[in-house]
Every structure is written in C-alpha cells, then in structure tokens.
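Before anything else, here is the set of structures, which you'll find just below.
Two complexes come next, and they have one chain in common, subunit A, joined by subunit B in the first and subunit C in the second.
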Partner chain A sequence: MTNQTVIKVGSTATGFWGKLRTVLARRTEGRAVVLFAIIATVVTVSQPLVFTAYQVTLGRIALIGLVALGLTAVILMGELDLSVASTLAVSGVIAVTVANQTNMAIGVLAALAAGVLISLINAFFVAIIGINSFITTLGMLFALRGMAFVISDEAPVKLQNTDLGIAFGQPLLGPLTPRILIFFFIFIAIQIFVSRVKAGRELLAVGGNRQAAYDAGIPVKRRIFTGFIISGVVASIAGIINAVERTSADPTSGSTVLLASFAAAIIGGNYLKGGKGSIVGTLIGAASLGMLQVALTISGVQIPIQEIFIGGILLIAVITDPSSLRAVWGSISTTLQGIRNSLAK
Partner chain B sequence: MAKETFTESMTVAKDPQDSKVTKPKTSVLGFIADKGIFFFTGILVLTAVLFVDGFASLQNVTDVFHRAAPIGIVALGMTFVVITGNYLDLSVVAQAAAAGVILIAVSNAFNLIIAFAVAFVVAIIFGLVNGIAVGYFKANAVIVTLATTYIGLGLLRLLSGGSQVFGPADGPIATFGTSKLGPFPFSALVLIAVTLVLTFVLTRTNFGFMIRSFGVNNSATRLAGTNTGLIVIGAFMVTSMAAMFAGFVLAAFSNTAVSNMATGFDFQALAAIIVGGTSVFGGKGSVPRTLLGVVFVSILSNVLVLAQVSYGFQQVAIGSLIVLAVTVDALGRRVSKK
Partner chain C sequence: MRKSRLVLAPAVMLAVSALVLSGCAAAEETTPDADSTTDATEEVVEEAETYEVYALLPQGSDQAYGTFYVPAMEEAAAELGINLTITNSQYDGDKQASECEIAVAAKPDGIILWPAVGDAVRPCLEAAKAAGIPVTVTNSDLFDADKALSRGYSGPDTYGQGVSSAEIMCGLVGDADVSIIQLNGAAGNSTAIDRDNGFTDTVAANCANVTILQEESTDWTKATAQQVASEMITAQGLENIGGIYAADDSIAAGAIAALESRGVVAADYFITSIGNTFLGNPLVIAGSLDGTVFQSSSWDGENATRLMYAVLTGEIAEGDREVKFMPSVKVTADNAADADVAPEW
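What follows is the complex of A and B.
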C-alpha cells in the first residue's frame, strides 16, 4: 500500500485560481457568456423594456430555444439535423388536422408519432446506410416541407377549438405561459439526460471519437437513433405549441426557426464536429438571441435587418469556433514561415 | 526448367501491375450510381413520350430547356463545390436573386454596364466570404452558406424594399429574354456555353485538377504543397459566378426581378448534381454529368406538372430523389470497398 501510485487526470493546477482555470478550460460556454453579457448590457442601456416585459422575452427565448435544445443532442454526436424546420411544420399541420376531426389529445399523439417516425427515417439513413447527416436531413427538409403542403392542402389549417388556443396563450403558473413552462421542463430533462444519464453521456462519447466509443462497447448506432429521436420529438413539440398558440398551422412555418435555432446551438459553444458542448450553453445562446430579437422588434427594426443580424451572428459564431480559429492560425503561421524562409534566402 | 522460372517471374512481375490496371470490382449498386443516370433518363423520356399528354411537342421541349436554364447554370457551378467535398452552397438562392435584382434595378437607374459591374462585385464578395470561411476557417459549408443566405437576402430585401422591379418593355434585357436562335431560346444557349467552359476548366486546367485532387484527398493535396484554402475559395467563386449568370437569365425571362425569385434553387441544383452521379463524398463527378442530371430533374418536374401532381408532392419527389441517389451512391461504395 505504500507504493500506491496516484494518477492525476487532467490539469494538475492547485489553489483557487488554478482550480478556476481548470473548470473554465473544461467548459464550452465561454463565447455564449461573452455574447450574453454584451447583449444584456447593450439592451439594459438602450431598451430596458426587454426586461420589464420579460414575459414577451421569455416567450421569444422559448420559441428559439426549444428546437435548439433538441438539435444540441444531435450536434453533440457530431451530426446535424437540418430537417427540424420541416418536422416543426409537418407536426403542427398534423396536430391541427387530426385535432379538428377527433380531439386535441389524439392530435398531439399523432404529431409526436410523426416526429418519431421522421427521426427514425433520418437515423436509419445516417446510422445504417452511412450517409452524411447533412445530406440526409437536407433531403428530408425538402421532402417534409412538401409533405406539409400535401397534408394541409397548401393553405394554413385553422384550429376549430379556438378556446384551447386562447387558454394556451394565457399565463398558467404565475406569469409563465405553458410554452415557457414546457421549454424549461424540456431544458431540465435534456440537461439531466446528457449530464447524468449513461445513455446521454454516451452521446458525447459517440461525437468525440466514434471508433473509440464502439470499441468501448457503446452501442453507437442505437445512440445515433436516440439523438435523432430527441431532436425530432422536440421539434414536433415546438410545432404543436406553435400551432395551438396561433390556432392555425402554417405549412411554410419553420424556415426562420432553422436559422435561429442553429445560431443558438452554435453560439452555445457546441462543437459541430461533436463530443464537446452543453445544453446550458444552448440555453445561454437562445437567451442572447431572444433578447436581441425582442430588443430589435421593440426598437422598430425591420425584419430583413433582424435576419441580417442573426445571419451575421451565426457566421461569426461558426468562424470563431476554437477549431476554426486553430485552422486559420495554422495557415497564417505557415504563410509567415514561408515569408520568413524566403527572406532568409 | 529455365522456361518455367521465366514464366513464373513473368507472372510475379505482372501481378502487381495487373491489380493496378484492372478496375476494382463494382457491384450492381455501384454500377447504378455510376452509369444509372443514362438509363434512367432514357426510361423517363420514353415513359414521358408514351404516356404523358403534351410532352412530346417542340413547344414543350423548348419550354423545358428554357425553364431548366437558370437552375442548370447554378447546378453546373455548384458541381465544383460538391466535388471538393463541401456538400453544397445554399447561398445561391440569395446570389441569383441579388444578381437579377441588381441587373434590372441598376440598369434602370444607370446603364447595363454598371449593372454588370455591380453584380460582378457582389458575386465576388459572396464567393470570398463563403470561400474564406470554409477554406481557411474550415467551417462547415452548410452552416456558413445558411448564414450568408440570410445576410444576403436580408440586405437585398432591405435595399430593394422587398418589391418587384420591372425593366423597360423594349430594353436589351427583355430582348435577350425572349429572343431565340432557331428553335433554341438564348437561355438554353447560355446553359450550353457554361457547360463547355466549366468542363474545360474542370478537366483541362491546373485549377480543375486541384479541385478534383482536393476532393479525393484533401490532406494529401495540402501536403503536396497546394494552398488548399485558395482551392476552396476558387470553387465557391465558380459557384458565385454561375449563380450570377443564372440570376441574369432568370431576370431576363420575365424582365422582372424580386428578392425571393430563386427560392428552391439550392435543393433543385443539388438534386441535379447528385442524380447526375457526382458524389457528395467528394472527388468524383463531372460537369456534363450535372447537365444530364439537370435534364433528368427538369423533365421529371415537367412530367409531374403535366400530370397535374400538386406542388407539395413535387417537393416530396425531389427530396426523396436526393436521399435515394445518395443512398445508392453510399451503398455502391460500401460494396465495392469490400
């Protein structure tokens, strides 16, 4: 027992600052926190209404964030689900169409079943056939948008039970509407799943190194199915909420959600190559974007300018990804080396 | 005795050479992925001629090519991006619309030359931003071009006020859009010209060779001393130029332009490229193949329109076509590797 060896994993830093540095180095939310701080400061100074009308802001954050939360589960595996936008549209249309003929509960179940079916198809092509998830879900994005048009007969479907829709928009618990409550419930559920449940931790392993995960006995294919089902079902729920709250389901909805939810997840520090990231990061990303959008809307900024803002933030987020910065630093240092060499001659 | 050793050494010497020369055994799926487009186009044309009313008229056939031209030109250019293994360029939707709106709006305000110049500069900016982000920052092409699509469309809608712009009824743009050379509309001639130029670039120039080499193995290409960032920028630049011409042709059709006129170009162009047999895994593909894919996809959508299939089902068909074509490609590869 005397010659017991201590294996230290990770950083060996000691003391308060050392420990803090270790904790910070492990987290991926850095950029999200910086952006959040900047936007929060600017908004507090210029448009304090965003905080006084916090119900509106929370509603917007829930709208953007819900799809982004599901998407994060897929991004952690190093895959991508572009079809969420169409899943949202199809689910909304199915929920309202079925609800009009029977009742709301069956409508919701039908829409969720559609969400599961869509994600099974996506995961089948990615895990079993082995096609890149970008291309698979891009094809599905297009096919499902068509499906939404077919089911809805190319026009928005009205929800006949308007009382339910109106009740759904009212505060349920304190000032919080059902949408916000569902959003926080799903956030907590996915957060616990990814950080505390074995299957959820395995998503990160699959994203980090697929071969190593396979060798370690993780059922990689089953985890890919798990991830896609999370993202599909969450997108479905978002579609149902949208349709019920607006008492109508629009087959063209979801195209702006695609951009905003990707932006939220990527700002949140989730590595697109997989293996690193957090649900909390996505929440911070969604909160920043939600505040920004509400502030811009209150200030009377036109929709095109808002799109430019969010597109710009997405572009900056994707090129300030640590791996991107490393890549560009690599090419800059190679170029400098080349110049130095030619000067030496 | 001596003869035996001689033949033996012959076979030994011949063996490695043989395995190099003979192509790897291809499966049925691999064959379909490679040559299938020729048969499917043939079958589709035959079916259309026999069973679809109103397909086999000169009017309809020229109409098909007329409509295929803008998407076709985009697809031909985007082939370069797909061959480098960067999936696709979603921002062609914004680029083509921008080129169209600029062509009509600026030529109304100033003249045609300035309009061409402005559109050219805009196309260069798009190509540079996409290319630098993907080539040097190694960012994901789908996300980057999704962002630039929204930035581009937002700027365009802001500057044009989101409204339709009209050219003068007897201007050079209107003349170009409606005139024909024999039975061929000018748009189809532009499509053919772009095919010839891009085929030459991809197969006969250093740049084209680099593009294909990068698609097959990007780290080997980099280690061989190529500036791979520039190659990716070049690929996006070709796409931007093609999208610009597509926008011109599209605007000339109706002598009008609006910011959402190119909606759906990204997917349809990708469908044409993949169906033509260019692999989304990179490295494999050619410009004439894309032209064939364009012919296939536009005949398919023409048949669907003539058969009065709803818009929704048409989208379902094209989306499924993308997934199906990639599946055949992926399965074919997997079998031929074994």
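What follows is the complex of A and C.
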C-alpha cells in the first residue's frame, strides 16, 4: 500500500501539472507576476504613454531596479544594507571629483574602489564583529552621507566634461541608453551568479538557516562579504551612472532610492528574513513599481497619493504571502470557532 | 538549460514587450495624420485655446511653500486655458531627471522647471530643446551656462534676498563690532547657496565690522535649526555671539528658540532672515526677529504659469529670455503689520 502511494505521488510529480506545481511551489515570484500583470493591464488602458514611451519607462525601471538588484544579494542572506543610497551618493561625488582632476576612467575606478571599501567595512562589522547589519549599515548611511557633503564641499559637483555626460544619456543600442543596458547586464550577471554559481547559491543557504549552513561547511562569513560587496559595488555603479548622466554629482542624491529599492525587492517576493527570494523577482518588482510611478507621474498624481498607491501594492505583496494568508485564515477560523462556541452556550 | 531560460525569460519578455510596443508607438504617431482631414478647423481652434504644460517641481503639498504655490499656479492655468501636469521630485535630482524624460516623451507644449538640483538639469534642458519644447524656469534660476536653454525665469532673486537680509543686518549693527553665527538652508540646495553668497558678499562689502564666527547647514526646519543653533552657541560661547543670520524664517524661529532656552532675550540680538512667513512675521512684530524679506509663494506659482503662457502665445519672442523677479520687500517692525506684506505661507 505504501509503495503504491509513493508511486502515485511520483507519477503526479512527473506529469505536467505536477511539474508546474513543483516549479510554482519553489518560486517566490508568483505574486510579483500577478501584480505586474494587473499593473500592466491597468496602465495599458489608462496611460498607454507608459508603453509608447517605453524607453522612458525602462529608464525609470533601471533607476529603481539597479540598486535593488544589488540589495537583493544581501536580503537573500537575511541581512539589510541601509547604506546603499549613501554609497550611491558618495560614489557619484568621488567619480566626478576625481574625473574632474584626472579623467573619467580613473574617476570610475576610484568610485568603484570606494564601493568595495564601504562593502568590506560593512561586512567586517557584520560577519567578524557580529554587529547587527541594520545597525552597522545605519551608521554607515550617516557616515557616508556626511562624507559626500565633505568631499563635495556641500554643493553639487559639476562634471567638467559635460558633453560626455550628455552623450552618456543618449540611446546606444536602438532606443536603449547605457543605463538600461548596464541594468540588464547586471541583472543577468547577478542572476547567473545566484542561480548557477555555488558561491551564489550559498547566499540563500546562509539566509535560510545560518547554523545549518555552518554545519554544511559553507563559508558563511565569506558569503556575507560576497553579498555586501555585490550590494556596495552595484550601488556605486548606480551612483556613477546618475552623476555622469546628470552631468553633476549631488551629495543629497539617492534620497528616494533606499525605500524604492526595498519596495522593489519586497514586491518581488524576497523575504526580508532571508533564504527565499530571487533576482528575477526583484526585476519584476522594479518593473511593476517603475511602470506604476511613470503612470502616476503622467497622470499628475501628487506624491502623497503616489505613496498611498505604492504602500497599497507593498501591503498586497506582503499579505498575499502564503504563510501570511495561512496565519490570517487561522485567526479567522479561531474567531469563528469562538463565536460558534459562544452561541452554542 | 531550463534555468538559463528562466533567467533570461523576464529580460526577453521586457525586450519583446518594448519592441512590440514601439510598433504601437509608431502606429499611434501616424494616427493623427490619418484623422487630420476631419474637422481640421475645429481642432485648430481647440489647439489655439488650450495648452498642455508639464510643471516639474521639487515640492508640492508636502511643504508649506508648495501648499500655496501649487494652487496659485493651477488657478492661473485654469484662467489661461493651460492643462497642467504637476510632478514633485522631493528634491531628488535623479527623480526629477526621470520626470523630465517622461515630460519630453509626452510632447507637451511647454515645460515649467523648478530645478531640484541646479547643476543637474542640463540633460533635461538639452532633451527639451531637441524635442522643440520650450522651457521656463521658476523659483530657482539656472546657472549662467544653462540659461540660454530656457525661455525665461520668474521667481525670487535668491541672491538678492541674501543681499536684502544682509542690508537689514548692516543697518541694525551700524559701526559696532558684532560677531554672528550663520544658519544656512539645506546643503547643496541652490537657493541656500545663493542666499548664503548674497548675505556673505554684502556683509563683506557693506559692514566688514560684522564677523561670521561659524556657518552651518540645516534642513530648513525649525527643529533642526534649533538643535544646530544650540550646538553653535555652545561651540562659540553665548557671550561671543551678537547676532544670527538665518536663511529662512523657520530656521530663524529655531535659532530664537535656542537662544531663549539659554535664558536670554532674543530681542537683545541682531537677527535677520528671509521669507516673512506665518512663523516669521509674528516674530518680527514681537521684536524677536529684527527683519526678514518678503517672499510670496502665490506670486511665484502664478507667475510661473503666466510666463509660460507668454512664451506659448509668442509674447516673448523666439530667442529672447524674460526674467521676472519677485519684489524683495524688506520687512521690519516698521511695516510687518502692513496688509501688503501679510504672510502667505
């Protein structure tokens, strides 16, 4: 009898629906895809300009999504990196300041080096000293913001080679600007790393159960360094792109990036406690958020109303999580049972 | 292999969507031509009466100034037959750049720009110029190098406001040697920089007997200003300070609160600021604040629309740049209660 049951389950799992169920059970992007489809449908009907001016929408998605992609590497480990927006700002300031004194290539290298250094400091305090990543990166957020002001002398730093900046914002491949191309390149690179490379897959293991990861021989501390370096370097790249494309590095830059990045990752189905999530989910989350923002901007919807929309989407993304739904259903059942018992008495 | 497909699927999906939708864009672009033969006269009349204008602002109903600026702007737009689409970048230069891309893609008749970061608007201006969309600037003017890319400016003379505040200070101090502390607006903000320059240049030229002991940035709020002022008083010693320059009335109110918390009377100090707001005007009447400079948010919003209308109707000739400064009226105890300088925000 037992053997028959095993065979039955096995045969279901190899069938189309069984495979589909298995794939869906493993993936965390389901809700993100549904949200994306709903937003895309509504936007298509109400604001078709979002699609007709698709290069603008892709630019907004890249603006939100780039930092979110790097941030996801840290979130998958169950850690947080609140310093990404400040890393973006200080990297932009370093890139332009150094570029103005030397050349753009050296400016870019200096900014990337700063991104790596910031990541190493973050990871050192989290992995070696054992300080909570929220506190570590919160401290780094303030320190870097101050550093950006000090380096820039409290004013935006103008890129002397303005023509280079203007050219960088122009389409390079068809209608795609370098920002969009870099965004897609980084998405593919991080996705391949997280899904196909052993070290990348270990990020999920570290987030899922850290003790089990230690026991399995995974170099947890090294992986924490890996995750933070990805996050820091990607934030640095975003800062460089912003500064060059705007022909100016603003020390206050990235003020709206942090929350948007977390929102994209959460809408994409990434668990803040780590162990579950994907880069693909973050891409879909960023796409949903980007489309929504562009549509609301075109509609002239004011910021407070936009925030209500985005907050609503975030809330839907969180409460439609299967475990949340189970908890809600459990609470409802318990309440109903209590009411039934009261009535019976 | 399957994993590779999963990795690339979202990217391919977005790329394919982009290409398909670009076809839609091309199709949509041709539609008006096809319909142009019908009711051509009526369309011409309608186009002559109504203009589509994007207003790219860095604030809106989320800040006191914007709360009065936006309704005045909208009221003037309704009167002049302008359909306004207003955005709010919350002083994020990158976000405003993205909003500018959206505006250019929407192909409006004109763009009203209030730069979030003065140094970062060149690409936006270039894109608008390439698309043949006239741009006028409001509230904070462009840097000299960029002015040729806009058709006009309306708003306060932010440098002149700093000058006026310094003139009040110099007039009050007379020949006495006085040391003051200076509280500026947000670091990197162009209005804060202009006011700072206007004040310090005028003090250096008109009353060299006034020494600026220390200057610090704030975030324009009373609470932060009170904290910063308190720290500066501690650092410099209350006995060494004879006056305070604040970049706006909220900052002045914070600085006055910091003084009074030390048990001294603010009226005994030389204090000047800018704004003549609901917060600052009563302080002038009470004698705590010696002088401020009137700034009308409703004048600012209304004239932003009127200037754009003048451009759209050809009142301002092609190639000309109109500059319309808001009157910078000095408000002291002598005229603070007058109806013509009644605070608006």
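Everything below uses one rule, namely that the second predicted complex is superposed on the first by the 292 of 345 C-alpha atoms of A that agree within 3 Å, B and C clash if a C-alpha of one lies under 4 Å from a C-alpha of the other, contacts with A are read in each partner's own complex, and residues count from 1 in each chain.
Rule of thumb we're sticking to: a residue touches a chain if its C-beta (ideal position, glycine included) is under 8 Å from a C-beta of that chain, and two chains touch if they have at least 3 such contacts.
As the structure is a computational prediction, the values presented were derived from the model and not from experiment.
In the superposition on chain A, A:S236 contacts neither subunit B nor subunit C.
Of the two partner chains placed by the overlay, neither subunit B nor subunit C lies in contact with A:S119. With both structures placed on the common chain, the touch criterion links A:F149 to subunit B and to subunit C.
Of the two partner chains placed by the overlay, only subunit C lies in contact with A:A53; subunit B stays clear of it. After overlaying the two complexes on the shared chain, residue contacts for A:Q302 are found with subunit B and with subunit C alike. Of the residues of subunit A, those at positions 149, 154, 251, 302, 304 touch subunit B in one of the two structures and subunit C in the other. Of all residues in subunit C, those touching subunit A in their complex are 3, 6-11, 14, 17-18, 21-22, 24-25, 28, 60-62, 84-88, 90-95, 97-99, 101-102, 105-106, 117-120, 122-123, 126-127, 186-189, 193, 217. Of all residues in subunit A, only 80, 82, 125, 129-132, 134-136, 138-151, 154, 251, 258-259, 262-263, 266, 272, 302, 304-308, 310-312, 314-315, 318-319, 321, 323-325, 327-328, 331 touch subunit B in the complex they form. On the subunit B side of its complex with subunit A, the touching residues are 87-88, 129, 133, 136-140, 142-144, 146-151, 153-155, 157-158, 162, 229, 267, 270, 274, 280-281, 310-323, 326-327, 330-331, 334.
For subunit A in complex with subunit C, the residues that touch the partner chain are 48-49, 51-56, 58-60, 63, 149, 152, 154-158, 162, 165-166, 169, 175, 184, 187-188, 191-192, 195-196, 242, 245-248, 250-257, 280, 283-284, 287, 294, 297-300, 302-304.
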